[in-house]
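Take a look at these structures.
In the two complexes below, subunit A is the common chain; its partner is subunit B in one and subunit C in the other.
Our next item is the complex of A and B:
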């Protein structure tokens, strides 16, 4: 195509350029309006004091960030976000790897059945899962507490979402329930690509399944593991927003607040748009920094 | 040959314990869903009596309540409209764009590709507040068609990325043959590239369908109760339930939101789980 270009008559070339412009313009225009411009606005508005209701915006430089720095609610939200990032990523990854390896290695006939079943929570709306788990955790009628009472563990029954001690764990469990199948399917795809001869050779050498998992499986899918680590970071940031919004909205007393719910509250409940956008800038930085850090930490020579 | 026998036994034990773990996990996945489905047929009194028990009869009035009183019927139609509208728009936008970016070299082709790639890192949840402000300034809040445009625009980067990858894989010879037969730019796109990209369209369509049908935050932010989509309506139903204690209607609402995705999943599960690995390996 490109090498033909210089033989093309001028008229045809202009016509082609027009066609390319027509192809790209609508996409670029909407992308600029609804992605680039809002992103630019996040950074710009973070320097202003603005209620969002009036036209009046006051430029205050980095003051929003200084206020953030002294805002204990912000630190709680950051802490909760990081807790969920670590807790959900670790458990989801371990479970997904375990099931992926077990299903790929054991040549069970019903392997595909489990693949389809475990992936299923992933297709449900987060709102469905959030409402569903709110009902499971419901203090009086929820099935978790009635199960505990039914088997005589009355003392364990508690308001899971109503107590600051358990609320984050409860939300984290719902997030893990949702995510394991997705990553399992991804890891299975990677593991299917590993040559069976490697395992056969290891079997002959007498290596146990456990050793094989760490010496063969993990190194062979390292590339996919690294990619999913970045997925975990962005998806946990987003999922925590959705789950907390649906299940607790930060209750009790801000102890389940995460960064994105705090941003949303500052904007739409407290009409602090500038302040909210400062939080959004922090979210951008956290997401970006974590992606880079995890990328560096997991870098490995392919030897 | 001697080692065969104990190895088989060990394998049997291993497989049996693995099966037990798998069955237990399946229960953890399936039981909550089943619970929701059968509870949606119970009267509130039955539910309050014992949340675990099966319904004594199929009590369809919960569905009638959810559909008429809680407007879930209207929200259902809104969701269908928004999902199909966004899907249509998405394809209208990304097919020509991906074609231009994947098959031609021109002045800004690298730069534009990079610009779209940068969008992969910008999640629409991060920018929901400024999007709200833009729509508010333009007087376009609470408009389902505008929501479609926003959905298509914010999901464009990832889908352009997938589709350009796919289109780059189509051999040049087909294009050249079409040109010799007298096809121009658009002719080649419609007669060669689009028919050959069908598998890519299916993957993109399936994932986009799911994300549009399930989207919550943007819909919650820009829509008012008269135009809610199903997920926002469901959240609303849960809030109402807290005061009205109409448990049945809420569970029926859950099923109404869940059902279409379950049916859809049953139809396309192969596509979903294999498309995922394709995206994963590429990413």
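Our next item is the complex of A and C:
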């Protein structure tokens, strides 16, 4: 392209540039209208005291943020969100990698069946999954407690969604169950692209499957792993809202509140829109920071 | 180049004439149109003509399509149109009506009449109250025809006049009473009496345990249902005036002795396995289901319970029973927590007078009869319960007749606060789970609420 440019007459070059600009404009305008402008609006609204319904907006500067940093419920929600981010990402990644490797490497006959089976939760609606797990965790008739009692582990049976100690773990497990299949399919696509000769050569050199996994598979799909890390951050943030909404709505006593549910509660139920936008700004910063951090941490290994 | 310029000029001219044509059409005064020869007009303009030529008024009605459905609204719109032939009532009913009208409210294009309970998750009604965007409807209830019809206690309360200035901004539609539901058959079989005092209540709990039943369960993950027990207990214990102080965040009001005592009675559930195991982790349907199966004797709920659980499996021989929550001493005034769903007129409506007529019509005998038939719900109008009798079962009818049996309605709301992240009602009921699990004492609960009171006092909407 650059070489071609050199031989173009100047007039033609400017024409070409104009054509490019004109073609880009509609997309840029839409992007500005639907992405940049709303984002900017979030930042602006976070400086106001506003119910979200009337025309009365009062500028209060950073007041919302000062309140936010003194709000224990906000800190609980932030803590819960970060817990889910770490817990779900770590376990989902490990399980997805394990299943992907197991299914691509092994010569199981029913390989395709498992592939569909693991992916199945992804085609279910989140509401369905939430209700499903609510019933699994149901303390008296739910399958989990019944199973524990059935094998004599009565003392382990818990009101899973009713206790502040267990509720986040319970929601996390449901989220992992939902997500594993999706990431597994992504990793499998990456693993299918690895040349079998690498494994053959490693076999001849006497490398165990375990070593092969860490020395061949992981480095070869490193690019995909990095991409999925960003996916994990955004999807866990979004999914946690849906799961919490369906399963507990923040109960008991705010123990399962996450940032997005707290934002929603403040914006709509409590008619405190400016404050909710301050929470949105924090979510934006957290997600952005995490994405950058994970990118930097994984960068040096990228070939 | 020249050619292009000419072409451009010509198109502009053409477009210009089209636009002026449109503008003329719009400006044309409606009444005159009848005299002009029809043939001169474009076809699409003719279509719009009838709407403008008559002085037909349109009333935009936005209603929440919840448990009571939309059939009533279609019927009442028709009835109102019959009485007022030049009014066109447009019903917009949807389960998500709050989200649907939000942009209209924001742009000042508000509906003329809204039925949307304050408890709705969209929070639109609460936001309108906080922003003082409701029309003053006091004159509707000063009209003697309406005033004498409404049941006592339903108009002069915090729910209808949220700013404490005696002016009415919200009108009561469907009302329900709440209390404790039980299975009559079980009580008859065991010779148990329905408890009146808290002592009776917990004594019954000990007897029930011998029969393998817990005393009580509640909708654990939705602790707001405990209002059916907690609010009457507090009101009966300190009296309505003193409880009002707590709702208005007066200093020290939450730590009044009576309130702590009432909280202690509720906290007692945490002892002796009175509360059904696992209750705190149950959704409202799960809890109601297990109560129907006989795992617990009582469950707090409102008039709607029977309809809600109509399809659910239950214990053999189940018979609906309903009683008011317990009191300290048998001779105490017995209160029943009563709620109603609100309807109101936005201040931005351009048909406020017409909307008021429509509001009055809601309390007419004709509308009440329609409501009983189509929605199986009634507004707090004298004699309405009789209209409902033929459509609902005995126990539900009972819930509407409590006031004839010496019970007092208590209609309470926390004073509205704005600009704070705290919602005092949520705070009160969020503590139920730790309290009934024994992690928090009644005194700590009261102290917590006192603390909340202190934090929101300066944010009350006046």
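In the analysis below, the second predicted complex is superposed on the first by the 261 of 303 C-alpha atoms of A that agree within 3 Å, B and C clash if a C-alpha of one lies under 4 Å from a C-alpha of the other, contacts with A are read in each partner's own complex, and residues count from 1 in each chain.
In this section, contacts are C-beta pairs under 8 Å (C-beta built on N, C-alpha and C of every residue); 3 or more make two chains touch, one makes a residue touch a chain.
On a predicted model such as this, the values are computed, not experimentally measured, just so you know.
Within the superposed three-chain model, A:189 lies in touch with subunit B and out of touch with subunit C [touch as defined at top].
Legend: residue contacts after superposition of the two complexes on their common chain; A:71 is shown touching subunit C, with no touch to subunit B. Contact with subunit C, but none with subunit B, is seen for A:252 once the two complexes are overlaid on the shared chain. Of the two partner chains, neither subunit B nor subunit C is touched by A:213. Of the two partner chains placed around the shared chain by superposition, subunit B is the only one that A:121 touches, whereas subunit C remains out of contact. In the superposed model, A:272 lies in contact with subunit C only, and not with subunit B.
Of the two partner chains placed by the overlay, subunit B and subunit C both lie in contact with A:52. By the document's definition of touching, of the two partners only subunit C reaches A:162; subunit B does not.
Touch counts on subunit A: comparing subunit C and subunit B, the chain ahead is B. By the touch criterion stated above, A:134 is placed in contact with subunit B and with subunit C alike.
Note: residues 52, 134, 141, 268 of subunit A belong to the subunit B contact set and to the subunit C contact set alike, using the contact criterion stated above. Residue ranges on subunit A touching subunit C, taken from their complex, read 49, 51-56, 67-68, 71, 73-74, 134, 137-141, 145, 159-163, 248-249, 251-254, 266, 268-272, 275. Listing the residues of subunit B that touch subunit A in their complex gives 14-15, 18-19, 21-22, 25-26, 28-30, 32-33, 35-36, 47-48, 50-52, 92-94, 96-97, 99-101, 103-106, 112, 115-116, 119, 121-134, 149-150, 152-154, 156-157, 160, 172, 175, 184-186, 210, 213-214, 216-217, 220-221, 230-232, 234-235, 238, 247, 250-251, 254, 257-258, 261-262, 264-265, 269, 272-274, 276-277, 280-281, 283. Interface residues of subunit A, counted against subunit B in their complex, comprise 1-2, 15-17, 19-20, 22-24, 26-28, 30-31, 33-39, 41-42, 45, 52, 99, 102-103, 106, 108, 114-121, 123-128, 130-136, 141-143, 146-147, 150, 177, 181-182, 185-186, 188-190, 224, 227-228, 231, 234, 237-238, 241-242, 245-246, 260, 263-264, 267-268, 273, 276-277, 280, 283-284, 287-288, 291. Contact residues on subunit C toward subunit A in their complex (touch as defined above): 102, 105-106, 108, 121-124, 126-128, 130-131, 133, 220-223, 276-283, 286, 290, 295, 418-421, 423, 430-431, 433-434, 437.
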